[in-house]
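Paired with chain B in one complex and with chain C in the other, chain A is shared by the two complexes that follow.
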Partner chain A sequence: MIRRLLVVLALLTAWPAYAVTVERVVSPGGIEAWLVQDHSNPILAVEIAFAGGAAIEAKSGTAHMMSALLDEGAGPYDSQAFQGKLDDLAISLGFDAGKDRLRGHLKTLTEHRDTAFDLLRLAMTQARFNKEPVERIRGQILAGLAREQQSPEAQASKAWYRAAFPDHPYGRPLKGDVASIKAITTAELKAFAKTWMTREGMVIGVAGDITPAELGPLLDRTFAALPARHPPINVPEAAAAGGRTELVTLDNPQSVAMFGSAGIKRDDPDWWPAYVVNYILGGGGFSSRLTEEVREKRGLAYSVYSYLMPFDRGGIIIGGVATENARINTSLDLIKAEWHRMAEQGPTETELANAKTYLTGSFPLSLDSTAAIAGLMVTMQTDKLGLDYLERRSAFIEAVTLADTRRAAKRLLDADALTIVVAGRPTP
Partner chain B sequence: MRFLAIARAAALLTALVPVAATAAIFDPTTYQLANGMQVVVVENHRAPIVSHMVWYKVGAADEPTGKSGIAHFLEHLMFKGTPNIAPGEFSKIVARNGGRDNAFTSSDYTAYFQNIAADRLEMVMRMEADRMHNLTLDDAHVRSELKVVQEERSSRTDNNPSALLHERMEAALYLTHPYRRPVIGWPAELAGLTREDALAFYRRWYAPNNAILIVAGDVVPEQVKALADKYYAPLKPETLEPRIRAAEPPQAGARRIELKDARVRQPSWMRQHVAPSYAGATDKTQPYALQILAEILGGGATSRLYKSLVVEQGLAASAGAWYEAEALDWASFGISASPRPGISMDKLEAALLAEIARVAKDGVTAPEVTRAQARLKAGVTFARDSLHTAARVLGEALTTGQSVADVEAWPERIAAVTPEQVSAAARAVLDERASVTGLLLPAQQETRR
Partner chain C sequence: MIRRLLVVLALLTAWPAYAVTVERVVSPGGIEAWLVQDHSNPILAVEIAFAGGAAIEAKSGTAHMMSALLDEGAGPYDSQAFQGKLDDLAISLGFDAGKDRLRGHLKTLTEHRDTAFDLLRLAMTQARFNKEPVERIRGQILAGLAREQQSPEAQASKAWYRAAFPDHPYGRPLKGDVASIKAITTAELKAFAKTWMTREGMVIGVAGDITPAELGPLLDRTFAALPARHPPINVPEAAAAGGRTELVTLDNPQSVAMFGSAGIKRDDPDWWPAYVVNYILGGGGFSSRLTEEVREKRGLAYSVYSYLMPFDRGGIIIGGVATENARINTSLDLIKAEWHRMAEQGPTETELANAKTYLTGSFPLSLDSTAAIAGLMVTMQTDKLGLDYLERRSAFIEAVTLADTRRAAKRLLDADALTIVVAGRPTP
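Let's look at the complex of A and B:
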């Protein structure tokens, strides 16, 4: 049995045995974190996710604006004093908002670990939201929105979400719009922070130069002061609207297009077959069918891609391409044809085998930094992948059969259901 | 890059990466093969992976007149096959083995890399050595790839008024030196590039004695040496003609570019000064002093420019400074800002110029220098975190006139800089006559009286 197993591994994976040990650390006060120890370099990274993101906000852009203000003064420190401590000790601390979650990131040298956790605690529990930083960040967000209007990629993306989710919070822009940003009050920012940064649904990932015994007490000191619970999350299920087309007229030489439709969630039984199908279709860089047809054979684009995006209330499959105005429709026709061909026939045996060696073999490349490992520890918890996920991941991919991929492709890919947005001045 | 950023054209983006991330103590092993190829090995045994890179000492500043873009175009064409590897197969073979590959071009260098399982190092070495001498190009692939590069130019530059301004500023900053040339190429010259142009450039510059091999990751130097002896050592060295770079005459007058574009919604202000690089500096301490100056002026939320313009005066949405010392000839020192909604560009510019004048006249203080040094030093530890960073930093240094010893000495050279040296560097470099100021503005609607 053992001999057979070894032979199979040697044939199917590009990797020798490679162990990353994931530890579940529970503090004396009952706060949990997943840890990967690495004492080779005196740094550590912490990643935190809170349940509740932009999808639950009343005014578009509140979660994003709030997260930009958490490190702009907290506890005894005003904004310059707080930022000065971060700068002087080379601590990097920041927050951002996604559609379903808020995330926090901390990276520090071991020697400043205690101060770093202290600043993290202050930011989460005692952010000041003083007038100066609130107005400054508001101005920066408005300037950022103006800059986004110069970006065809940003314009196409915003328009795509608006078209695909017209009546759902997923369709609203994460950074808000000019009217909503101008209208957000300090009281609303404070209330959002207090209501949604709670221990309920919070997950923590840690990587680097720290032991479980050192981490435990720090978890209590840092997170115990957060409220225990948040209100119920009432975001409805979301199915991306298909078959819409939209044009955002921009005076550019090249049109930027985004195309996509409803996808699947992360806990769907077809996740891995769908993941493999997407890799072969448009996820695999120079190895993908879209790159082959659009870029390599015809020189129609520098970049063409697709990916699965699994939100909590519904997934999407989405992609992009940029081609000169006169030929963008040729690119889109080819993409639709590839979408259709994959739905009808699925991948070939060879494509499936190549996808497997890449998807299993390349995984360790993405664990190149301490922060990336901390981020993975969070994803493993939010996606409920299990403490032993890293040991099982290759087996999930190896288990995908040609029949699985055909079923998933048929279910996932419908060229007529693509919602397509073009930003540019395409010629018909 | 075939998918990523062109180093020099993307200077604005790289400026956002802390200066400190570009140097660290990596403790590399280095030696030379008999054919002149330099080898650098950095051990990092955290994961069974390896970063394999070959850097060529040639870039866009070495292109023949009228052929701008050929260095980068050739970089794309290096994936179009040899007698042993079919066109387009290179990246697919790497992917089938669980690896990722790409390439990038700057004014001074062109580099190719694969990140892959350590036990596949021999395979990627064999393939990389093969394409150093055996590239075959057919016209159909060349024509199709030229369209890809033209689309790349549209995405990077022509679709983006801010990038367009930056390109024109670089062209104005250097009066005659080829750094004025965009790496991606001027549109008309790019359109005319041919297979013969690419092959001529390839034959002239791609040779082991013009290349550096860098391997970082889960390897030991002896193992890399054995493989390098097998695959790179047999390659024949070429007689290399000298790199001819036009000497830049003394700068004598400020230039100003106002790019008005109907697509602009958020204006911005930028100034670039010609500055000494590591390799080109007469006073070898000056590039280190300038890194500290950039940190004091523009490094984060407590820097002088951010604190004054964004926080205290409330005039700017953003403000920063950058300096990249890695260049064979000249570097540039940049300052930029973007107004808060409702603030006029004139008002913002006046406030910026006052800050620049203040640092040029009064210099910096000792506590400012100490703080900046501590921050830069911490960056060394963070830079060691990623094996790709090590390979990239060493490759960039070695192709821009620095040695491994220079890279390793970076922390102590930064620590040795005095406040007087920073003040003197500010006075010397922040000279308006050696600068280009660029304004990105919305096009005004013509109004009839």
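Let's look at the complex of A and C:
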């Protein structure tokens, strides 16, 4: 029997006409998924997250390379047969690795649902890691790393994480480096898959054309074969190192800079005030203070932005700017000045009101595909937002006061603590 | 009063449970749009196509550069103010140019619908082409062209069109070349916008949270200000030149080849048989004959594919293959052999049956967002597929016989007529 808790939620109190229903489905075998049913189209999307990502790998790039190989042959199928089956049935299946988590994505037509879940199960539990795909994917990753050598964005980003987390796995590049990629063995790839894709800490989101009664047995068939537990995750807490500056010299007419410092975690009580502050400072595109000051008033940069990144072991606030070599240093001075001004004074009443309107109002745009909704169902679980998050999200934002934003800004923003990396050939 | 023809269509006879309703909405002022209502989310997508694209431009790249500037300041707003308004209200608005048509895309929340249509109107009728955005976009396009110099894919594609259409505008690169981009004047950009964005030949697709009664007046407010007519489109018929070979030498460990010949137009009676033949030959990913022979049996290539491209003045069938320099010539020999075998024998009964299953069954995957549905509403009009196309599409495919595919294959596929371009440093 399928135990099932049915919770019907208005999507946002502001739009009572639109409703999304989030259901918690628990299979006969005890495997849980969060589901949003939508039977308007015969399509189904599944998103899975596993506890344990690149931060726990011994050789940099192992999680990423392993993820790229899960759909390159599994069970009775070699790479060609597996990919052929996906193509024949129009099934999308793929995996990728973040610093804290592995994620899997599945999308299928209703009529091929059983086969799709079966291929997902094979990829998670019986991936082959045959020599041909391992060497082909290794070659593709090495070619990608070679291309990144010429990319100021990639170089600035990698150097920033290295500088901010010199002694923490968060500082290592997700896709590895040439030496580590060449050194990763097939045995290590297999061991990583077997050790870290487990039911412990796994969360599942589903959206589309399936009922809870149909989903329950599929969950058991697909996920019960995974190991129950993974080893302890020994990733220490991480505080981004502040105040460092670094230059990566690249022969390029433009420079790209990344700037950032320690931030806050997703479960911090100041999350929503900090989220609003960042929107006003650098998260709001053309209406943000950074764009207004750096791009518009002075015409200095092509783009400038900032965002919060709440890793499990420590958050960061990080941003970027791209401009001509002759303008990068002036741009960075202006960014530091805006950082400081926001820390000292916080936003204005008008800025706060506009931010609330935007951040509550634009949310439905993120729900425009089954895959996006399945992904949100996963994030709601990994971030412990609760089954009623969609109903409460607007209220969280509306509750932020000017005093909250000032407190959060002072706590979050310290211009002197920014670690700054420039990739390019800046002129004074 | 809004005249309105309401046609309710089952999406596909194979799935009577799922229904998409295509409505033809004609505004009080006589402007027509095809609409699929979906009120489950407060989102709306609009897609517009104008007759006249890069094929009618005097300087190569004019249509593309003009399209990139339409949202960079219009009416009372300069670039920053216009982009700021889009960002503040979470409105996506953009334009791009194809060889035969310009297209515009709009996506908005219901609550900002009126402003969104207003910004669309300003972009189409009062774009500013101020000096700052013109020079910035020119710089971005030139930087993109410089990057493409190192891309074997881009070099092979540009060289193929040049070789296949030496005396026809289809042979010119969509994004222009360094000389043409430097030479385009602001007056030419303005003239192109004013001359070619007209109501003549314009088609509009809409999907999402709007009723016909709401859409009608918006159509008039938004599109009535456009000129009624454009000049005659003097683009001659185009037949791709066959049998040419060309090498673009690039220092790269891999080579990319493009191969193709004259194809058929979208309104050709053999369209569906040809579509099925191409799926079996090179359109079906890992289950296509080209992938099976070139990639799997011989392990020669990373990827190989083909597709039909039905331009207004002449169709082509074109494909690509990427592999190591030492393997590109053997790969091309195998591709030509498969081309010849399909022309001589056509597909098997089993291949035809599998192709029909895939091509009818996978169609709902293309309807998974409001923007995708709005785009389909435009294609159904530009390609003259009829208001009941969604209902009839499966029947068109099911009706294709083995004799049809053999006739179409013999007509479409001539290995000796392939024009082939290789970008890389092939070894014999």
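Just so we're on the same page, the second predicted complex is superposed on the first by the 411 of 428 C-alpha atoms of A that agree within 3 Å, B and C clash if a C-alpha of one lies under 4 Å from a C-alpha of the other, contacts with A are read in each partner's own complex, and residues count from 1 in each chain.
By definition in this document, contacts are C-beta pairs under 8 Å (C-beta built on N, C-alpha and C of every residue); 3 or more make two chains touch, one makes a residue touch a chain.
All values derive from a computational prediction rather than experimental measurement.
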Quiz prompt | Room on chain A for both chain B and chain C (clash or fit) | solution = clash
Quiz item: So, A:Leu300: does it touch chain B (first), chain C (second), both, or neither?
Solution: first
Quiz item: Looking at chain A, which partner touches more of its residues: chain C or chain B?
Solution: B
Practice problem: Figure out whether A:Gln149 sits in contact with chain B (first) or chain C (second), or with both, or with neither. | Solution: first
Self-check item: Touching partner for A:Val256 - first (chain B), second (chain C), both, neither
Solution: first
Practice problem: Quick one: classify A:Thr115 as touching chain B (first), chain C (second), both or neither. | Solution: neither
Exercise. Have a look at where A:Gly361 lands relative to chain B and chain C in the superposition and call it first, second, both or neither.
Key: both
Quiz prompt | Which superposed partner A:His39 touches (first chain B, second chain C, both, neither) | solution = second
Practice problem: For A:Thr330, decide between first (touching chain B), second (touching chain C), both and neither. | Solution: neither
Exercise. Name the residues of chain A shared by its contacts with chain B and its contacts with chain C.
Key: 15, 18, 38, 40-43, 80, 83-84, 87-90, 107, 109, 132, 136, 140, 253-254, 284-287, 292, 295-296, 299, 302, 354, 358, 361-362, 364-365, 367-370
Exercise. State the interface residues of chain C toward chain A in the complex, per the touch definition above.
Key: 15, 17-18, 38-43, 80, 83-84, 86-90, 107, 109, 111-112, 132, 136, 140, 143, 284-287, 291-292, 295-296, 299, 302, 354, 358, 361-362, 364-365, 367-371
Quiz item: Can you name the residues of chain A that touch chain B in the complex?
Solution: 13-16, 18, 38, 40-43, 79-80, 83-84, 87-90, 107, 109, 132, 135-136, 139-140, 142-144, 146-147, 149-152, 250-254, 256, 284-287, 292, 295-303, 322-324, 354, 357-358, 360-362, 364-365, 367-370
Quiz item: Considering the complex alone, what residue numbers of chain B touch chain A?
Solution: 2-3, 46-49, 79, 88, 91-92, 95-100, 115-117, 119-120, 143-152, 154-155, 158-162, 262-266, 299-302, 307, 310-311, 314, 317-318, 338-341, 371, 374-375, 378-379, 381-382, 384-388
